[in-house]
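As structure tokens, the structure follows; a few thoughts come after it.
The first chain written gets the first letter, and so on, giving A, B, C and D; residue counts start at 1 in each chain.
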Amino acid sequence: MQKIAMLGSGFIGRFYADSLQGQRSKDKIVSIYSRREESARKFADDYQVGHWTVDMEEAIAHREVNMVCISLPNDIHEAAVMLCCKHKKAVITTKPLGRNAAEAKRMLLAVEQAGIFNGYLEDLVYTPKFIKAFESVKSGTIGRILWAKSRETHPGPHSDWFWDIEKAGGGCILDLGCHCVEIARTFIGKDIRPVEVMCWADTQVKPIDAEDHAIGLVKYENGAIGQFEVSWTFRGGLDLRDEVMGSEGTIWMNNFLRTGFEMFTTGKGADYVAEKAESNTGWLFPVGDELNELGYNHMFTDMFRAVEAGTQPRETFYDGYIVNSILDAAYKSARTKLWEPVVLDIWRGREGVSKDSHLTEYDADHYLVKEETTHYGARKVILKHKATGKISEKVLE
Amino acid sequence: MQKIAMLGSGFIGRFYADSLQGQRSKDKIVSIYSRREESARKFADDYQVGHWTVDMEEAIAHREVNMVCISLPNDIHEAAVMLCCKHKKAVITTKPLGRNAAEAKRMLLAVEQAGIFNGYLEDLVYTPKFIKAFESVKSGTIGRILWAKSRETHPGPHSDWFWDIEKAGGGCILDLGCHCVEIARTFIGKDIRPVEVMCWADTQVKPIDAEDHAIGLVKYENGAIGQFEVSWTFRGGLDLRDEVMGSEGTIWMNNFLRTGFEMFTTGKGADYVAEKAESNTGWLFPVGDELNELGYNHMFTDMFRAVEAGTQPRETFYDGYIVNSILDAAYKSARTKLWEPVVLDIWRGREGVSKDSHLTEYDADHYLVKEETTHYGARKVILKHKATGKISEKVLE
Amino acid sequence: MQKIAMLGSGFIGRFYADSLQGQRSKDKIVSIYSRREESARKFADDYQVGHWTVDMEEAIAHREVNMVCISLPNDIHEAAVMLCCKHKKAVITTKPLGRNAAEAKRMLLAVEQAGIFNGYLEDLVYTPKFIKAFESVKSGTIGRILWAKSRETHPGPHSDWFWDIEKAGGGCILDLGCHCVEIARTFIGKDIRPVEVMCWADTQVKPIDAEDHAIGLVKYENGAIGQFEVSWTFRGGLDLRDEVMGSEGTIWMNNFLRTGFEMFTTGKGADYVAEKAESNTGWLFPVGDELNELGYNHMFTDMFRAVEAGTQPRETFYDGYIVNSILDAAYKSARTKLWEPVVLDIWRGREGVSKDSHLTEYDADHYLVKEETTHYGARKVILKHKATGKISEKVLE
Amino acid sequence: MQKIAMLGSGFIGRFYADSLQGQRSKDKIVSIYSRREESARKFADDYQVGHWTVDMEEAIAHREVNMVCISLPNDIHEAAVMLCCKHKKAVITTKPLGRNAAEAKRMLLAVEQAGIFNGYLEDLVYTPKFIKAFESVKSGTIGRILWAKSRETHPGPHSDWFWDIEKAGGGCILDLGCHCVEIARTFIGKDIRPVEVMCWADTQVKPIDAEDHAIGLVKYENGAIGQFEVSWTFRGGLDLRDEVMGSEGTIWMNNFLRTGFEMFTTGKGADYVAEKAESNTGWLFPVGDELNELGYNHMFTDMFRAVEAGTQPRETFYDGYIVNSILDAAYKSARTKLWEPVVLDIWRGREGVSKDSHLTEYDADHYLVKEETTHYGARKVILKHKATGKISEKVLE
């Protein structure tokens, strides 16, 4: 059983609490820290938390607490992590780990030196769809992974600090791209080195200093390509889709806006406001169980089972550090307009992986370009001669 | 915390166990009964259950047990319920409650006389989508409910006893229709009396005595209509869809085959068999988290919270009895080809509800038939004169 | 080349004209008749028609005209058809053919006696999706047809005469059910006799004398079942979906509301009114090319090719007569609450078809109930003993 | 009426012919040229073409011909165009116009100097969905266009010459990217200058010299961004999707694989091979009317109406030239890994367009970052101070 100190009582803290104490959970939040007393009290009340405080260290140090959950603005993650190290408390933190790789690296080194359990709360690699898709990918169902794209766009975050580049550390790349990058990286293989990044970013709609729209490509050592599409300017709700191309198959996942639930209302009935939706009349697309669809339940289960079993969860501070390093390269690329290398002071994956071959042997002299059934029902192959490079067609039997 | 005796170790017992002991649950199965020792042992092993037995009463009477979960073939439900009454153990049972209303009624009266907690495990009114849709309906979002259809079709059940009409008590009407009837009834209002049923049923494909395909209409006292479409002959997987029409809106739910998860595989990768799917190559449509999508998690949470709070769960034996009564009328109608009345010896809902009016007043002399925007952008109304019945059009301004 | 007299200048007449003279068509409307001079003039102007008139016979008799297209309210179809017979002009008429089978039969006999080409404009068996689906069905792709459902619901027709039961002859059953019945009948086989009909109908929302919501089942001689779901009370646009179950497959078609085109608008941009949509903000689902999606282009092509080739089109007055006969039975059933026989004075299909067998042989002693792959990867069969009826399972290694 | 010489009798030539002579068309192919006599004869036979030849100039010069349609491999487009100029015949050509901008420019200058009608057969800006979406965009429905993405991926072309880089001029960028680039450009505005391109391309799967997968970004002068995703390695059929983000809305179009038509077959029925599909059992997604869905009908209508009216069609050789110029930049970028400028010797759009502003005024001192409804139903605004840049929240009333 986990006894949790929750740091932060905002939107994400409440989402976490709903999951942590939802259904028939044996885990409990025993202390809540918020910067504002009013918020701390209200949270304690809403979630029946015995202890509240406006002193972060007090929550962490609370004798009942065996696990600290950080749900704070990005600029306070590091300070919170350092206090967990000081008090030797297991720590799990919301995404992104740091505002940049330097912060992330310090946090990673600190928790490892302190020897404390560390988990990185990247919920979107724990969604039920992702988990099942990933099992298929691992078992080879779609062959060799060529491309993995993740898209997260919506009309902008709820809390003011996100829009403040100093507190947030960036715009939608940091806020949303951290998810997308880890999703693509997991599909491609977490032991495959991300090599370089090309990123376009712009501030197209919002009167802010940070980017509100960005698209990035991440090249991996085996030739696979990751892609992220992120924006705070999307209209229509929360668009959360992943696509994967493999040499033998395809995966498409829609995590939020099209999940098989459709509702139309003229608005003449009673009031209804769909969560995160941009309208409350016409066709609406609610999600049945957001906590589950967004991966929170499976994520906390993995974290707590790991800490109780003395193993590592799927996502650790190391993963958070890799993600921050990739995003650093993306930000740099958006400025320099060049493919920027991913600088990794710490790398624990495979080294010297070579690009996967694109040569499928057909016979001694030819490579196979394509095999298909013609309109006439015959099997046809398109071949390339190994020596001359000449393309030819051959109808079988 | 619930300490459960599971009766039955088959397909549905394992599904329940996966949900009961999934995620970070505080509830545990402490005894497993199966008719076959081998199955009981295996289940105990797989789910780390301390006690197993081939004597049903022993499991129920086990001193640790405070809740009995019945996952047995339909023909043994009654015997199991009676033993729970004898030992005064809280009981929850899989659907349908009985093979017919007579059995269901005896079980209902027995548990109420024994004063034990009773829950009816109709999971499909606990799916995340259903729960959210039902909240919208209750809040008036789609207006007055006119029609609620539920469809469950698949290529037939896994276990042999389903195909034996003596053990099962019927075919797909009983097996699948019980879900559909309760879904429609809940949308229309559980306090509205189901009045009569028209049902077509046939054995079109399977060499069995029971029906393998049926369509039924259930008329309610307020004029709303429930519809069920059930079959064991559907090809393509598990089709689980609900549709609701209200005077101010529409709800469409796809619970299984189209939930925003699509996968294509050539089959040249590694083996993969999607659950309940009929193929393992080409386009596949897995469900991310079946236990959650099928409502098991939310159902057990409701059951256990209710027993701990001393309240009633959403679904009790009384609901199971109403469902059996409606299905009895459906079976009778399939034979007589008449609309058959729903015979309810026990009815705890509203009495004497009259049909909802279809007359919307426009002005002193007219009813409003329709209001619409023409191609030219003008507002047009179609009216009916109250006295003469004459239809007329009027363009506004 | 066809030179057409168009009778009727309303909503459907304009739809037909858009199709007839759309793209690079060689056919032309040469005369337009409307009851109101203003409408006739406007239509002639909009579609560059050389001749207009308020005298129906004048349009039909016009020397250039070789084809008459009836787009009039239901109660004038018969009079128009009789004039075509008198002037020996080829005639095609909008659906339904008559207000009832008696009218339809008189029209059928009249055109056949006059020896004129006759086409029944049931566009929904000419939609591109239907045509391709039907080819698959004919080629056996989904096996033996068990059930064919067609659903057409929307918030009610545009013109006032539809709401007047005398002019229209009925409500949504006649207006929409005629489509649904012919769709199901075509999938099941136009040579298979429709035997009897069960229909529920009610006036739930609109202040009218006719039904605004109905559900019907049509039983065919081979045991297949047709289903129609029709309503003028649906909210959300035009719902036009077909589903077919075969012993070896399934077909689902969505002809209008979900065709792969989705648009969201905050409404802050310029005005936009989507056709037939009920809202102009939020998520909208336009259809790219309504004329094509609704089958008009393929329908007129079939009609005109047939008349030029001296053959019959897919849909003739005979089909219109069969549809009216089925709808008559539906109306009667809605009143009597009984399965009503389909009375067919004229029947040109197969006689004495027996119900398809549901017995699949497994071996000399057994029928096959089901074959499936277990969780463990083994093949399992469920069998029924021919003599004893006993159900058994057998695992095939 | 158009009398057409068709140059080329392959896959695309037949597709064009099906459209040109489909439905009730008044246009006819009067001469067919193919490099191989056998093909020319067969085409003439299949489409009832009076004249066939293996001499290209003979077809073009044929006295009946008033329009030449080029359906040849990319490397012969220029020669064919020059012959049209020589014989002063109107010319329409399949995409891409040239293998590169130099070829395209020569063709553009030649047809303009010869004063002949020229049309560029970019069918995908003529699909019914595109046409309706584009009308919405033009009318301001989704506000200012921020991003337009087009994706076309499939398992590789049918004819051998596509795989030969000399004949084709490139790989999937040229073959498929030409579509995507013109789609995005049309949404963003054909009078807005494309400024620079970043492109990743690789040969991941096929044993060829050209790229089989590429992703590109095209920056426009007004700050909008176009994106293309193209591949010959996609598994699952033909993926043809467009997405547009505007400041006030969103458009999603699926042109092929998910258009509301779904079929499942066990394969035990008769044989069926869905066009371009990769499998013929399991879940299949046919397109109802490919010719119409892919825009051919609307494209030829626009072309022929324009030539008959003496106006220009939507797509001319000038557009083909712009597309080739953008693709040239893409190829260069794929090599240099830099954002490469789009070199346009000829530019007929607007000059000196500045980037759209992202500053929405809230009041004298503030810009508006976001306005939203909180969970509590209150309206909240997030503001940025014009002078200090400080972000603040304000709850209204």
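Note that in this section a contact is a pair of C-beta atoms (placed from the backbone, for glycine too) under 8 Å apart; a residue touches a chain by one contact, two chains touch by 3 or more.
Keep in mind the model is a prediction, meaning the values are calculated, not measured.
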If a chain touches chain B and chain C alike, it appears here: A, D
Far-end chain from chain A, centres as C-alpha averages: C
Which of A-D and A-C has more C-beta pairs touching across its chains: A-D
Between chain D and chain C, distance of the C-alpha-averaged centres to the nearest whole Å: 36
Between chain C and chain A, distance of the C-alpha-averaged centres to the nearest whole Å: 49
Rounded Å distance between chain A and chain D, as computed from the means of their C-alpha atoms: 33
Touching two or more other chains - residue numbers and ranges from chain C: 142, 235-236, 246, 248-250, 264-266
Residue numbers on chain B that touch chain A, as the complex places them: 23-27, 127-133, 136, 139-143, 246, 248-255, 258-272, 286-289, 292-293, 297-298, 300-301, 304
Chain A-facing residues of chain C, complex: 235-237, 264-266, 278-279, 281-285
Interfacial residue positions of chain C with respect to chain B in the complex: 142, 146-147, 153, 155-156, 158, 160-161, 163-164, 198, 200, 202-209, 212-213, 215, 217, 219, 223, 225, 227, 231, 233-236, 245-250, 273, 337-339, 356, 358-360, 367-370, 372-373, 377, 382, 384, 389, 391-393
